[in-house]
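In structure tokens below, several structures.
In what follows, subunit A forms one complex with subunit B and a second complex with subunit C.
Our next item is the complex of A and B:
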């Protein structure tokens, strides 16, 4: 018992958890309205989507790669969903399923090209980012879908738990547990981790690494589509610019959450709960900075600094963990 | 006597040169307006800017890294350059000098953090992208600077002869310097060696700190020049300068056959890559095609270039294998 404690204390999740509590206390004391019902509800709506974005990036980082096209992919899928619901008039559930299929398909393209060319996924997804976003703009003529079914948009503005929380957060938490189960207890999930951790060894033990990497990209596409659908439901319309130009606005939360959560960029390690805590921390800090009235324009600056500090802390933690291993 | 040496076929830039000439001929056949003085002027202006941006990224690709913050540095320098003149009354040379220093400093931060922490350049430059962009927005509050001295406006508009803009002089000098750096100097060779294999370059006694910081400082310097060139061309300093640089900065070197893992870049081929991208973007305008097609096409061109490079690598490996096989059986 005594020996286990320090190990637990140096885990990333524990540190993150403390940080989250610290910031919650800090902002509740020093800002007006942080713990108000309205703010917590708004926070839960944003956190829900950031968690999904973080998870979508996490599953690609698992392969040692990354997915720059995340935002473009998500928005393209959501616009497709909006078109199905509004113009074609398909019922909500099948339309959502088709949207997810679209996300998976776009993810598959990323994975297929990456694996077949052997080029780093950075350059492949840089190219597909521009292709997806361009195609989407071309097809939609940059017009939004604003007459979505009310059941779908109402879900995003619904308030539960004494009006403190958005049901969107429950959806995200559901996916967190689903992914946790998937990576921990299913055969396929473990194979994905094995392929990411040591591709050569995995290949030798009979796992088709290329296939696994393609699965990771498909999963990333699916999760990005879920995130985009949730965003659509929250805004109440499918808007081409909802993730910024080329979907670039998603990129920082996408990397911040897994990196803060302790996902190794070299691949082979996933931390589902860490990513969730990372996303919570980022949203918390962003929200707090707004409430402190630091000026909207400086928020990006601080988020950049936080990312930098996060990776530096991670490096330091690794260093001390190694040192204490050597000593014991 | 070999009038047309086989050697040329194997160069990276040879195929690209053919593509440039062919596309020029085909486009001007269908639309003679392509060769009009005004059109050539616009073409050269866009080549001027993208050349600098591509070189800024190319040098980082040479050492096997990537720099996401090229556009953010360009934007920060552009608004500092114009802001210093408009708000603080700096004279033009001092403003240029300060702009260049900011670029150098930003590059230094990128290089220093990357090499000292060992964290991937992708994450470091993603963070600094937001830091630099955040500073840009924090300073300007998203408002452009309009008061640009006349001499800078004139420099941006003037033509040397016919359709050739004055602005193109700086990128040409930069390109020549970059060619000399990568092909004729020890530090250029060190960068390529480092990009090729970090471990063996260290065994050869090359200092990683020196190589990485030098490359990032040059990248920041070039991004700064790029930012100021845009100011000359637009005749104002807007905070969104540099926002759209990411894709083109990678497109030209990749089309020019640069290996993203590092160790192989070609200045001439990158230059031709820039020209190809510029010609195609321009052609789409002339043919009145939706501008979003440019984006899609650029994406496809990167993918195609990646496939071609991959195929050539494969052929090269096979050729080497056969050569070794034959040599060992003599």
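Our next item is the complex of A and C:
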């Protein structure tokens, strides 16, 4: 029975897919308005951002680390973008590119400090989370940018496919395919995975592991900036508290999506499509529970439970992986 | 009445697709040192795991002191007096020797706190039994591998184990350390009423130490609890591999016209290497011999730029170079390193065959936008995997599912694919069965013939003498001797040992 293990990830993703279908059917039957045009559109806008947040965390989990500063980093980058667009008055496209550059730069700081000091990324990003958020609040004086160019904010409220879907979701799906291609078919993508899976062996095979880990953090920062830009476009303003205090609101979906999707917490394994499915599942459940009107506390309760179950699943995967090692 | 303390009767164990054990028998007499032999994949590990309670046999019986027993966990096996001794794995490295020995039953004072005075007193007795002259307050991580191993045995005895399983106990010990271990083993068998199961690939040791032998081949008994006196080395090899052993020797080469590829001049390193001078010719195999801890692997790591070189020069093809990382070593100077620890440093166990074999050439064969396809990698590595006759159902098989020998072949294949000029090979045949071992020996000789220069690090004297053109002896991070290989075992081994023990 262990022989099938290489396909375990596949079956895991298939299981996720079935769960998604199950909850779609469940909420369609048992709630009012789940399958309404309005709700599905709202859902697609949220899912789009949760996918990006999940991917941003996934690429750091790949190194066996994590990025607690994800929310703070994303919001900082988006506030920078808002300032560029509103105060400086730079055109949208260059402003967005500079925002991504800012995200990448903040990610680089995380990676550089982690690699050069050898301190676990948990501590490093816990510190930078506070630093980034603090600096951002200082520079913006906690004021939002509410007069962003209309072309930018309109995109977030645009409806396509018979007004059922937000184009933001297409952006996320584009990134999903881009990352899938990157990890599967490029030299750099493979090196990142190898470095995460066994740093010693990768180093001795001629891969600069430190550099690879820094790249992962840069990538995480970039993706977080994308997520934050999408959120800004959706809300129609860049608001310092849009990811909660210190960016905390992002952390739960950030971990849930990749862990549910089958990314190993010990590093060395990514599942891009799994992370997407994980994000969809989490958003779906949250949305459905809102519609059932069981109250905010219960939703948090359930999300916590799901994260614990997902972590147990991760442990089970490791256990089975070890079992198959014992065999040889 | 017989005097068996452990007996396995017709045990079978099946894994998906493999019958790991098929009606295997095993009889351990009280007070005996019993060799368990077999090639990798012959079923030794499965049998050991049944004896230690890690696996349960599908059919067959397990008897302890002639009573049929079932063991459901390693703890249960331990409670019944069966212990496995690994090299240093079961010790807590930051704890003292004394704490480790008595960890399961630390003596307490009347307040329920640990009585350290008593801990060190009691553990001292066990250490003396092992002829170990160390202070029980020493922290385990400060010990040599050999001493850790003896501590493990002491720990097993302290919990009243009567059956000890030793799995490849000598693979990283020097001849002297091995000698000491054997003396201790014979003593505890005599004085402590202990029986030992000894697993090793080194047949010389089996003849020296053991009185009985069981050989497994393809999950079945090739012989069961045979008295060692009735067998010769040739008999044993034939039982293990089903045919006669072929002994490979590199021929003597004319060294005069060799171009020097690598030259180390007065190298001092941060790790403590002192005044290292070394040359390596094109197509030459130099052997680095020395005890564990003499600085051989460490020297290799300095060459790869993983550790700092404080002074001295490295010249490659006559030009002075700076090696700052394995990446530089590989990309610019075509230096490769096959690690002694293939599971930790050589391979990525959770990845498949293709990923592992191709890792060194990804950068080289990527195309536009860094695009890299499995097909392109496959085309590059396939000839080498075929040449090495790696047994794997497919290239998408996970490395962790291959046998040790095949894993080693993959860790060699990736460097063949990389096309290196200088290859540092560290303990290439530790824990490898005889068939694969001679295969890898042939391969090393073949590589050198084709012009690859090889630095061979090995603690296996016969291997060293059959492969190396020159043997360089290291001791305490210094080079003590540089001896052209005469390929005469007696002559060479005495010369080498003289450098180590002058």
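Keep this in mind: the second predicted complex is superposed on the first by the 302 of 328 C-alpha atoms of A that agree within 3 Å, B and C clash if a C-alpha of one lies under 4 Å from a C-alpha of the other, contacts with A are read in each partner's own complex, and residues count from 1 in each chain.
Keep this in mind: contacts are C-beta pairs under 8 Å (C-beta built on N, C-alpha and C of every residue); 3 or more make two chains touch, one makes a residue touch a chain.
Please read these numbers as outputs of a predicted model, since none were measured by experiment.
Participant: First (subunit B), second (subunit C), both or neither: which does A:255 touch?
Facilitator: It touches subunit B, and subunit C stays clear.
Participant: According to the contact criterion defined above, which of subunit B and subunit C contacts more residues of subunit A?
Facilitator: Larger number of subunit A residues touched: B.
Participant: Just to be sure I read the superposition right, which of the two partners does A:299 touch: subunit B = first, subunit C = second, or both, or neither?
Facilitator: Only subunit B; A:299 stays clear of subunit C.
Participant: Please work out whether A:150 is in contact with subunit B alone, subunit C alone, both, or neither, and reply first, second, both or neither.
Facilitator: A:150 contacts neither subunit B nor subunit C.
Participant: Taking the superposition on A as described, I'd like to know which of subunit B and subunit C A:134 touches: first, second, both or neither.
Facilitator: In the superposition, A:134 contacts subunit B only.
Participant: Which of the two partners, first being subunit B and second being subunit C, lies in contact with A:124: first, second, both, or neither?
Facilitator: first
Participant: Just checking: does A:308 make contact with subunit B only, subunit C only, both, or neither of them? Give me first, second, both or neither.
Facilitator: first
Participant: For A:32, select first, second, both or neither according to whether it touches subunit B, subunit C, the two together, or no partner.
Facilitator: Neither: A:32 stays clear of subunit B and subunit C.
Participant: Across the two complexes, find the residues of subunit A that touch subunit B and also touch subunit C.
Facilitator: none
Participant: Residues of subunit C touching subunit A in their complex?
Facilitator: Against subunit A, the touching part of subunit C is residues 15-17, 49, 54, 304, 306, 325-327, 329-331, 337, 339, 344-352, 355, 359-360, 362-363, 366, 369-373, 396-398, 400-404, 414, 418.
Participant: Would you tell me which residues of subunit A are touching subunit B in their complex?
Facilitator: Contacts found on subunit A: 66, 113, 117-120, 122-124, 126-131, 133-135, 137-138, 245-246, 251-252, 255, 259, 265, 295, 297-305, 307-308, 311-312, 315.
Participant: Which residues of subunit B touch subunit A in their complex?
Facilitator: 66, 113, 117-120, 122-124, 126-135, 137-138, 140-142, 243-244, 246-247, 250, 254, 260-261, 290, 292-296, 298-300, 302-303, 306-307, 310
Participant: For subunit A, which residues are in contact with subunit C within the complex?
Facilitator: My answer: residues 1-3, 5-6, 185-188, 190-191, 193-194, 197-198, 200-208, 268-269, 321, 324-328.
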